[in-house]
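Shared chain: chain A. Partners: chain B in the first complex, chain C in the second.
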Partner chain A sequence: MTTPNSSNKSTTTASHTGADTGTAKELNRAALVQLLLLILGSLAVIIVVMYALNWAAQATGSKSAATDAINYEARSISILIEQEPPQLDAMKSTDQVSGSVLGHIMEGLIAYDVNNELVPGVAERWDIRADGATFWLRADARWSDGKPVTAQDFVFAWKTALEPATASQYAFILFPVKNAEAINTGKLTGDTLGASATSDRVLEVEFEKPIAFFEKLVAFSTYYPAREDFYKSTNGRYGADADTMLYNGAFTVESWVHNSSMRMEKNQQYWNKDSIFLNTIHVPFITADKQAGVNLFKDGRIALAQLDGETLPTALQERWNIGRLADGSVYYLEFNHREGRIGGNLNFRRALQLTLDSSELVYRVIKIPGYVPGTTLFPTWLKGKDAPFRQEYPPTPIRPDREKARELLATAMAELGLEETPSLVVLAGDTPLARKHAEYMQSELKKHLDLDVKIDRQIFKQRLAKMRAGQFDMVMAGWGPDFDDPLTFGDLFASWNLQNRGRYNNPELDAQIRIAQGSIDQQVRMDAFGEIQRILIDQAVLLPDYERGRVFVADPRMQNLGRRAIGPDPDYSRVTLLPPTAEEAGR
Partner chain B sequence: MSESIQQSDLVLSPTSFKPLVKEDSEQGISRPSLSYWQDAWRRLKENTRAIVSLYIILGLLAFTVLGPQIWGASGATSDVDQISKAPFANRAATIVEPFEPWDQSKVTASNNGLQLDGDPTTQAVRLVWEPMAASTNGYRIYRNIYPTGPERALGLPLGEVFPSQGTYFEDRLDLSPTYYYYTVVALGDKSRETQEFQSHEFDVTRVITADEAVEKNLIESSSDVAVGDEVMLAWHPLGTDYLGRDMLARLMEGAQVSLFIGIVAPLIYVLIGILYGSTAGFIGGPLDQGMMRFADFVVALPFLLFMIVFKIAFGVESGESGVLPMLIAMVVLLWPATARLVRGQILQIREEGYIDASRLLGAKSSYLIGRHMIPNTMGVILVTLTFAVPSAIFTEAFLSFIGMGVAPPTPSWGSMCNEGLKTMNSTPHELIFPAVLISVTVLAFNMLGDGLRDALDARMRSRE
Partner chain C sequence: MWIYAGRRVIQGIITVWFIATATFVAMHSVPGDPLLSDKAMTAEIRANLAAKYGLDKPVFPDQYMTYIGNMLQGDFGISFTQQNREVNDIIREHFPVSAALGILAVLFAALGGILWGALTALYRNKLPDIIIMFLVILGISVPSFVFAALGQLGLVGLNSWAGQTVLPVAGWGTVSHMLVPALVLGLSTMAFLTRLMRSSMLEIVNSDFVRTAKAKGLPPTRIFLKHQLRNAVLPVITVLGPAIAAITTGGFVVELVFAIPGLGRYFVEAVQQSDYTVIMGTTVFYGAFLVFMVILVDLVYGLIDPRVSVE
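Moving on to the complex of A and B:
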C-alpha cells in the first residue's frame, strides 16, 4: 500500500504492503512515540553533557578562580590589560599599555601622584633655570637588587635612548637636553650630551635652548633610569622578560607568561614602600575584548573594566558606578596638502568644515559619554597660563551651513578645473568605532555635497605607513599628548614636523610655533598658541572630530586609583582597599 | 496478396514502378509520451518541499530585482534621528524651533534643586541647579535610565562643570524619548565626589525641526507645519541600522551582491568543470591522468589564502569592492568538484552499448559528446549546480563577514551580520534579519537541490 502522500518518504510504508488502515494508524502512533522518545533522549543527553562540561570547566578553572578581583587579606587585586606589553624597555617604549606597566615598576626623577600633580620621585629636590637644571637624588632610592639609583644611571639611559642604533621613537622627547638631537642624528657622540653626574647623587642638565616645561618632560617614561652593568648583561634583551629587567619603582614583575598573564609584587627595596598598600597585582587576563572584560568584572574576577557603547547598557542595568575620563587624545580629519591633491584647496577644506558636524557625530553616532565634540586641535583639559587654555583662548565657533558649503565646493571645483565632483579616499583605522565614524562621514558628504568617498580601512601600522607616504586625500588621524603643555599639539602642523602627514606649509603658522617653542614667558607662549589655534581654524587645516574619552567601571572598594591623560594610566600603584563590610564578610 | 496475383491478370505498366507516395505511419500513440525532463518535472511537482523552496527562491529573486524599485529607499542614506531603531518603534515627533546654542546669560538661577531651562527634548536637555555648599571644584552630572535607588547607581557620567562655568549643563548625548533620571553631584577637594547632590527625573519628547523634516521629505515645505505639530518620521518596516540606514533597503541591496555571487560564480565554475571533466573523461588515457592530477592540485590550494592573494594581485585597494576578486577566486578554485563528477559520469557512459552503436554508424566525437554524453550527465550537473549555489552564497557571506568582501556603504548579508553581531544584545534586529535571510536562502536552495536530485535520478523511477 501507499500512503496518500507519496512524497512523504519518512514513513517506511514499503515494507508493510497489504496492511489495513487500522494498523497504519497504530503504526503512525508508534512512530510518534518513537519520535517523542528520541527527542526526550537527546534532551537528556544534552543536559548531561552541559553539566559535565560545566563541571569540567570548574575543575580546570579552579586555579584562576583563586585570584578574586580584590582580596583584602592578601592585599591583592586582579586586573586586565588590553594587550601584551609590546615594549618594557623604557627607553624604547611608546604605547599606553607598556606605559601603564612601566609606571608601576619604574620611577623617574619626578613622578605624578594620584591627583596628577608632579611630586618628587627619585629626585628629592630640583632647580630648573633658563640654561639648565640640577637634580638632587635621594639617598635611599634603590634598584630591586639593593644597589642605589645614581645620577649615572639617568645619564646612561638618556644616552642609550638617543643612540641612533637604539632607534627609539621617543628620542625626540630628550631633545631639550643639550646636543641630544645631534647625537640622535649621529652628528655627535654620546659623550657630548648635556647631562652629567657631578656625583652619585647630583645630576646636572644643560639645555639646548630655554624650555618652559622641563619638569613635565622628566616625568615621561623615556627619562626613566637604567643601570649600565645590568643593561649590558642582558645582551639586548633588556625588558623582554621578568628577569631581564631591573626595577626602581613601587612594584617588580615577578612572573610574566607572555601573552597570558603577569604578576607584580611590591618592591621591597622601594624607598617609599610604606606608602604602598598593595602586595600583589595579578594580571590574569590579556584581552582587548571589552565584552569579555565586562563579563569578568561582573563575575568579580577583575577590579576595573573599560566600557564602550555596547557594554554601557549592561553597566547601567547592573547598577555599577560608572567613571569617566578624558584620555587626552584628539581626533581630527587631516587633509593631504601635497601637490595634486584636492586637500590643498582652501575652499574645498572650508566646504567640508561647514558640512561636518562634530557634535552630531559625538552625540548621535558615537554616543559614548566622555567623548567631547571637537572644535579645535587643543583639547579641553590643557592648562593655559592661569585657567584652562580653552577658557583663555576660546576657539572660533563653526556652525554647519550646508548652503554655503555647496557654494564653496563649487568655487573650489572651478578653481581646480574639475567638471564632476571628485572621488576622495579617506584613510581610516580598522576599529569598529573608526569604521562607524568613516561610514557616517561618507554618508554625510554624499548627502550634503554629493561627494563620493572611498574608505580605505587599514590596521594601525599600515595606516601610519600610508600617512607617511602621503597615500590619502583625507585621513582620520589622532594625536595623544606626550607631555602636559599645549606644545605637544601646537607644533603638529609645523612645516618641519614629520608628524605633519599632509605636508601643510604656512610660514605664518611656523613663525608662531617658533615663538611657542623658544620663549619661556608663559604669556607670550600662550598668545602664540592662541594665534596657532586661530590660523588652524581659519585655514581649515584640519577638521576636529572629537576628544576621546573613556568610560569604565572600577570596584568601589578600590581607593586612590590613578587615571590620567598624561603619564601611566591606569595607575594602581597607590591603590588602597576598603575592608569588606560585615555583610560581605559573612557571605 | 499472392492469391490476387494468381487470380487476376498481371498487367504491369510503367506507372506500377513509380514510388509510392510517402505517408506517415498509421501507428497511433494512445497516451502522451513523457520525455525525461517532463517526467522529472512531474515528480518534482509532487515534492512539496522542493516546490515551496522554488517559490521562495523566485520570491527572493523578485525581492532582489523588483524590491528596490518598489520600496524606493536608499540603503546608503543615514538618518541620525533614527539610529538602531527596532521595527515598529514609535515614530511620532513634535516640530520645534531650530536648534540654537544655549545662551546661559539669560538663564535664571535655580532656587529649587535641579530644574530645566526649556522643555526636555531629544534636541537638548538643559539643566540648571541650585549652588551646593560642598562644591569647591564644580559638579559632575549623571544620567540614568533606571531609578537611582538606595545604592546610588547614578548611571552615565555626562560631564563635569568647572566652578567658573556656573550651575548649568546642556545634555545632548544620544537622547531618546524616555524617562531620564538626572543627578548633579558636587565635587569637593581634589575633584572628589561629595555626598551632596540634587536629582530629578524628566520625560524627554522626540522633536524635529521643520527644516530637518523638509530635508528628510517628511513634509513638503516648512510652512506646512507650525511649532508643536506632530509629524511622523520616515517609516522603516524592518528598523534601521547603526547609522539609521533603512534595513529593508539594505537587505535588498545586500541580496543583489549575495545572489549575484551565489548564482554567477557556480554557473561559471560548473561550466568550466563540465568542459574540463568531459574532455578528460572522453579522451582518457594519459591526458585524463594528467588533467585529473592537476584538478587534485587545485583542490589542495587553500581558499582563503588565495582570496587574499587575488585581492592584492588585482590591486584592489581597501575601500574598493572585493566582489570581482572573490568571484574569480571562487571560479578558479571550485571547479574541480564538478569536473571530477562529470568525468566519472562520462567514463561510465563511454562504455555503454548505444555509444558503440553510434560510433559504428560513424558519429564523430563532437556529436557523441553533444548528443549522448552531456544530456545524460545533465541531471548530475543540475544537482551539483543547485547545491553549489547555497554554498557560494554562504562563502560570500562568510568572506564579507570577515571583511574581505564588499566595501562600505554597499551592504551584503554577510557584512550586515558582522555589523549586527557587535550590537547583538542591544539591537538584535540588525543581526536577525540578514541572518534569517541567509539561512532561508541557503535552506531553500538546498531543498530544491534535494528535490531535483530525487526527480532526476533514474533509479528512483523504478521504485515507484
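Moving on to the complex of A and C:
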C-alpha cells in the first residue's frame, strides 16, 4: 500500500511552510462545499429519475392499487396470493393457488359450502346410481356473457381435458366416466365418452365401473364446464388472460397483470348473486414471502396472512387471533422396497417404527400449531361411514421402544447378512422445515440405533426425479388429497400405483384396495380401508411423521371465510363484512 | 474506435453463444425435468406432454439445434410453468420493472458510493471516516434479505407511527413503491463503491499532479473537482457496468419480499421448477445484457479518460 509512504510525504510538505497548511485547510473546506453541492446535485438527479421512472411504471400498467385490507363501504377486501396462477384453465389446473382462484370464478355441478358440505351448484338436483348418474341443471345458471350454462358445456370440458393433446395432469380424476381412460391414452376417440347431454339441462353420465363417491369428484375443478365456441375462439390461450376466460362462478376476473396483481368483481350473471356480499376482491400482491405477508397484514393492506414457524412469534406478540386448520396433507417416511435395498426388510422397518417418535417431532422440533403427529396414513379429518374414519377405525398405537428396536435391527442385519450397521441415504426437500426434520431424524437414528444417515437434500424437481428413479433408501414424502374419500390415500401403496415410489408390493394389500375401489357399499369399503390401515402399520410400510397444518391470521371483521382441506382454499366468495364500530368510524 | 467496437461486439456474441450452450448442457445434466410433478403420471400422459414440448427427441443434436435455431430468430419458446405465456412476453413485461428498480438502485449506489467515498477520504481516520467505514462493512457483509426484511419492517413502523400510509409496504406501480426496495437493492454495491472510491481518492490526494496543481496556485475547488474527483472516479466507472447487470439481475430477494413483479423472480424460480425455456431465455437475456454493459463501459472509459484510447 502506498498510503503510509505518501502520508509521510504530505507531512513533510506541510512542515515546509505555514502557508501550505492554510492551503490544505482551504482545500478541505472547498472540497466539502463541493461535496455538499454534489449531494444536492445528485438529489436533484435522483428526483428527476424517480419522476421519469414513475411515469414509466404507470405506462407499463402494472400497478398495485393502494387498497385497504377491508373496505366496508365499497364491500371489498384485499388479499395476497402466494404465486402467479400458471393458468386459469380449469381443465389443466393443478396447483393450490389456481384452485383457490378458480373456486371464486367457476362453479361445478356440485359445490362445497362454507361448512364444507356438498351443496347444489349448477345442478339443482342429481341422481347417482350404480351404473351412472343424471344431473338436472338449473335454468338460471349463466356464463358471464349472459348465455346459459348447458349440459353440453360439461361434456365439452370433460372431453377436452381427456384429449391426449391437452396433456392435462388431472385427467385421471375423470376416469370413473365410461371410456375416459381409453380416450386419455389415445385408444378411443372423444365421442365415445360416457357423458352426454340429453337436453340443454340434462346431463347423463355412464360409469366405467360402479363408484361410491362420484358426487365428491364432481365438485373437483377438472369437472368444471367450458363453452366450446368461446374456448375455440381463444386459439389455445384459454385461461391465459382475463379476457380469454368465461366465468360461471360468483366472481369474474376483471384485470390480471401477470405476477403482479388481479382484481375479481362480483359476477352480475351469477344465479345466486344475491347471496354474495362482496363486490370486489383485490389481489394487489403476489409473493410467497411469509414475512412480507405478515408485514402487509400489520399495515392493514391484506385481510389474511399465512404464518409459518418464523412469523408465528410476531403474530403471538401482536396478540392476533390465530386461526388454524389441517390442510389435508400427510407426511411420512417412505421406504425403498426395491431389491437390494435395506427398506425391503420388515424387521429393519419395524426397528425404525419403534425408534422414531412423531409426537416428539411435532411438539419439540416443528412446534407449529395445527400440525398433528402422524400415526397412520389416513388423516384425522377423513370421513368414515357415519363418523370420522379414525373414530370408526382407530389405528394400532405404536409406542417408541428403543430396546426392542435395537433387537429388531440386529435381527434384520443377521437376515441381510450385514456385519456393521449400514449407512442410509434419506432423500429430503430443501425447505427449512424439511431440513430441521431430516436433521432431527438423523440424530435420533444415530443416538438410538447407531445408524449413519446421509441426508440427500434436493430441490423440488430433482427430488421428484430421484424418487421416480428409486435413488434413495428412505424418502421424506407427503401426499395431499384430491377428493373427499379415504381412497385418495388408500390406494397409494397399491402395487400398480405410480405414486408408490418405493415399489411396495403386497398382494394382500392390493386385494383390499380392489375391494375399496370396486364396491359401492360404504360399510364394505370402510372395512377395507380399516384393513389397509392395519396392514400398513403392521408391515411398517411407511412411518407417518405429521399431518400438515396451516396457521393464519385473518381480519376479525371478515365473516364466513371458507377454509378447507379439499376444494378451493381459502374461499372468500361467501365472505361478509362487519360494519365498522362507532369508534373506528370516527377515526 | 468503430473497428474496436465491432471487434468487441463479435467477441460478445461468441460469449453469449457460449453462455447459452453452457446453460443448456448444465440444465439437461441435472436430474429432473419440467414435466415432473407431485402426482405421478402414466407413461402415456408423459409421452403426450413430452411430444408437445419436443422433449421426446434426443437432447443432442436435435433439441440443441432447434433451440439455437429458435434463439437466432429471437424466439425463446413457451414457459413450462405458465403454459400459455411466451418467454419473450415474460421478458418484455417483467424486465422493465427490474430495470426501473435497477436504475434507481444503481443511481443510489453510484452517487452514494462516490459521495461517501470522497467524504471518508477527506476525513481520513477522523470520526466521519470511522463511522462511514463501519457502516460500509455492515453493508458488504449483511445479506440483502436481512436488509429487505428490516426495510419493510421499518415501513410498517413508519406507517403505524404516522397513522397513514407514508410509503407502501410492498407492491408496485409508483415511485413510492420503489424507494426502499431500490435502496436495499443498491446497498451492498454502494458500500463496495464507497470503499473503492475512498482508496482511489486517497491515492490521488497525495499524487504528484495534485501537488503540482496546488503549487501552481489553482483554486481549491478546481483542484478537487478536476484533478482529484475526476481521476478518482475512474475505477468506480469500471466496476459500474458489471454492477448494473448484477443489480438488475440480483433482485430476486428484494422482488420477493416487496412483491415486485420483476424478472429476477422468474430467473430464480425457473431453476427450481426446471422450467427449461424460461431458464434459457432469462440466462441468455441477462448474459447478453451483462456483455453489453461491459462493452459500453469500455467505450465510455475512452470518453472520460483521455489517456485511454479506444482502438
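Assume the second predicted complex is superposed on the first by the 521 of 587 C-alpha atoms of A that agree within 3 Å, B and C clash if a C-alpha of one lies under 4 Å from a C-alpha of the other, contacts with A are read in each partner's own complex, and residues count from 1 in each chain.
Criterion: a contact is a pair of C-beta atoms (placed from the backbone, for glycine too) under 8 Å apart; a residue touches a chain by one contact, two chains touch by 3 or more.
Not measured: the values here are computed from a predicted model.
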Touched partner set for A:80, first chain B, second chain C, both or neither: second
Per-residue contact with chain A, leading partner among chain C and chain B: C
First, second, both or neither for A:185, with chain B first and chain C second: second
Touched partner set for A:447, first chain B, second chain C, both or neither: first
Partner chain in contact with A:164 - chain B first, chain C second, else both or neither: second
Chain B versus chain C as contact partner of A:436, first or second or both or neither: first
Chain C-contacting residues of chain A that also contact chain B: 6-7, 458
Residues of chain A defined as touching chain B within the complex: 6-7, 115, 310, 312-314, 316-317, 319-324, 359-360, 362-365, 367, 369-370, 372, 387-388, 391, 397, 425-426, 432, 435-436, 438-440, 442-444, 446-447, 454-458, 551
Touching residues (chain side chain C, partner chain A) in the complex: 30-34, 36-42, 44-45, 48-49, 52, 81-85, 90, 93-94, 96-97, 100, 103-104, 107-108, 111, 114-115, 118-119, 122, 149, 152-153, 155-156, 159-160, 165, 168-175, 177-179, 202-203, 205-206, 211, 214, 219-221, 223-225, 228-229, 256-259, 261, 265-266, 271-274
Of all residues in chain B, those that touch chain A in their complex: 46-49, 76-78, 80-81, 83, 101, 144-146, 149, 151-159, 162, 164, 172-175, 190-191, 242-243, 245, 317-320, 403, 407-409, 422-423, 425-426, 464
Residues of chain A defined as touching chain C within the complex: 2-3, 6-7, 9-10, 13, 20, 23, 26-35, 38-39, 42, 45-46, 49-51, 53-54, 56-58, 60, 62-66, 80, 84, 86-87, 89, 92, 94, 164-165, 167, 169-172, 184-186, 236-237, 239-241, 257-261, 284-289, 291-292, 295-296, 298-299, 301, 458-466, 468-469, 480, 497-499, 501
